[in-house]
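By written order: A, B, C, D, E and F. Residues from 1 in each chain.
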Amino acid sequence: MPIVTIQVTREGTQPGATAITPEQKARLIEGVSRVLLDVLAKPLDSTFVVIEEVDLKNWGWGGLPVEAYRKQRAAKTS
Amino acid sequence: MPIVTIQVTREGTQPGATAITPEQKARLIEGVSRVLLDVLAKPLDSTFVVIEEVDLKNWGWGGLPVEAYRKQRAAKTS
Amino acid sequence: MPIVTIQVTREGTQPGATAITPEQKARLIEGVSRVLLDVLAKPLDSTFVVIEEVDLKNWGWGGLPVEAYRKQRAAKTS
Amino acid sequence: MPIVTIQVTREGTQPGATAITPEQKARLIEGVSRVLLDVLAKPLDSTFVVIEEVDLKNWGWGGLPVEAYRKQRAAKTS
Amino acid sequence: MPIVTIQVTREGTQPGATAITPEQKARLIEGVSRVLLDVLAKPLDSTFVVIEEVDLKNWGWGGLPVEAYRKQRAAKTS
Amino acid sequence: MPIVTIQVTREGTQPGATAITPEQKARLIEGVSRVLLDVLAKPLDSTFVVIEEVDLKNWGWGGLPVEAYRKQRAAKTS
């Protein structure tokens, strides 16, 4: 009966991709459902997973929109 | 002052519909607000309702994206 | 497959009660599950309900903790 | 390590705007992150902010979709 | 930068236990963080996990508090 | 009508304190409500704030419970 909510930025992880692919979503769902099965013996059938994709402009980190924050960090370490 | 969040898959419930209709949303809002009024005497004016529609590919059940899970169940019971 | 989350302040609704009773929780669960059934034809078996009780000091309204806000409103209207 | 989630209706606050602007989002992120820093000494780098924009039809207040509720209130006070 | 929220009922999974153990929580955290790393290449350092334990009386399924629902299901299948 | 949810670990920020104080909660509520007023012109009266305090064992970062993660980071930088 667990509910797992995964919040990620809406962006691709491969060159040219602008979003998570359906295959990646399926793997996320399978992976976290299995963790609940392995650790707490929750049957797969009783776990709900919700993936929330959040626009980059709507995600903040370090007091900044995340793209600005990443640039700032890259500048610092280079 | 309650907050009720309703998460549902983004899909229609009638032939041809691909999403919940505005009328259905209005009925959901009215219905759950009334439950809070009836059970806890919370005035309608103090209840917020947020409906979150989740893409079918972003909803998991049984370790699978929900559409794959439904097919699996249909195959088992037929 | 819907998930309904109900957030309310942790306080009683009857003289002497300091929290929602188990009976009230059961009625909330039944009530909102029925709304999903009536409006979207979601079977009762596929709806999860989570009730989150929030300490009064952790709930804000009008820029104030809710108890202070209620006093302010009561003072205004009296 | 705080997570701040801001849920607002998807609508503009200025004539002609139909949504929050990227500049407003950046100011929201900066503002709430600073509150966590000022009040709880949480470093900016450890705070995540997620802004969720909710369609007007998906937001309920007073037992009604929010646009209908606003009209009702406007009619009462005029 | 993902956020993973795991909602489970507050109950033990072993004889005598009345709650998830700290070891199980650590395994949940490690497990879901690894899924994000494996599937989306999100560094462990950038993933937050929040485990929310929900009282059995506050979790509904099948229109009933979950304990009543489990009894009903057990009665049906026996 | 915004809803702001603040999730923080349940721990004190001052020597001897084991939790956020009511005064700090009041300042958080006031602070974030003001940000919504300043940036989006949302009246204080229409903003709800919910503070969720999360047990340290229930918060994960870096694939570890947060206390273990902090120790690991402290060891690395020393």
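The rule is short, and it goes like this: a contact is a pair of C-beta atoms (placed from the backbone, for glycine too) under 8 Å apart; a residue touches a chain by one contact, two chains touch by 3 or more.
By chain, with names taken from UniProt: A, B, C, D, E, F = 4-oxalocrotonate tautomerase.
Computed from a prediction, not measured in an experiment: that's the story for all the values here.
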Graph distance between subunit A (4-oxalocrotonate tautomerase) and subunit F (4-oxalocrotonate tautomerase), where chains that touch are linked: 2
Listed pair (A-C, E-F or D-F) duplicating the B-D contact set, over half by residue number: E-F
Angular offset of subunit E (4-oxalocrotonate tautomerase) relative to subunit F (4-oxalocrotonate tautomerase) [C-alpha, multiple of 5 degrees]: 120
Winner on C-beta contact pairs when D-F is weighed against A-C: D-F
Same-residue or different-residue interface between subunit A (4-oxalocrotonate tautomerase) and subunit B (4-oxalocrotonate tautomerase), half as cut-off: different
Whole-Å gap between the CA centroids of subunit B (4-oxalocrotonate tautomerase) and subunit F (4-oxalocrotonate tautomerase): 29
Centroid spacing, where centroids are CA-atom means, of subunit A (4-oxalocrotonate tautomerase) and subunit D (4-oxalocrotonate tautomerase) in whole angstrom: 22
Length of the line joining the C-alpha centres of subunit B (4-oxalocrotonate tautomerase) and subunit C (4-oxalocrotonate tautomerase), rounded to whole Å: 18
Sites on subunit F (4-oxalocrotonate tautomerase) at which at least two other chains make contact: 1, 3-4, 7, 28, 32, 48, 50, 59, 61
Touching pairs - complete list by chain label: A-B, A-C, A-D, A-E, B-C, B-D, B-F, C-E, C-F, D-E, D-F, E-F
Subunit F (4-oxalocrotonate tautomerase) to subunit C (4-oxalocrotonate tautomerase) touching residues, read off their complex: 4, 22, 25-26, 28-30, 32-34, 37, 44-45, 47-53
Complex contact set, residues of subunit C (4-oxalocrotonate tautomerase) against subunit A (4-oxalocrotonate tautomerase): 1, 3, 48, 50
Partner subunit C (4-oxalocrotonate tautomerase), residues of subunit E (4-oxalocrotonate tautomerase) touching it in the complex: 7, 54, 57-65, 68
Contact footprint of subunit D (4-oxalocrotonate tautomerase) on subunit F (4-oxalocrotonate tautomerase) as seen in their complex: 1-9, 13, 20, 24, 27-28, 31-32, 35-36, 38-42, 59, 61, 66
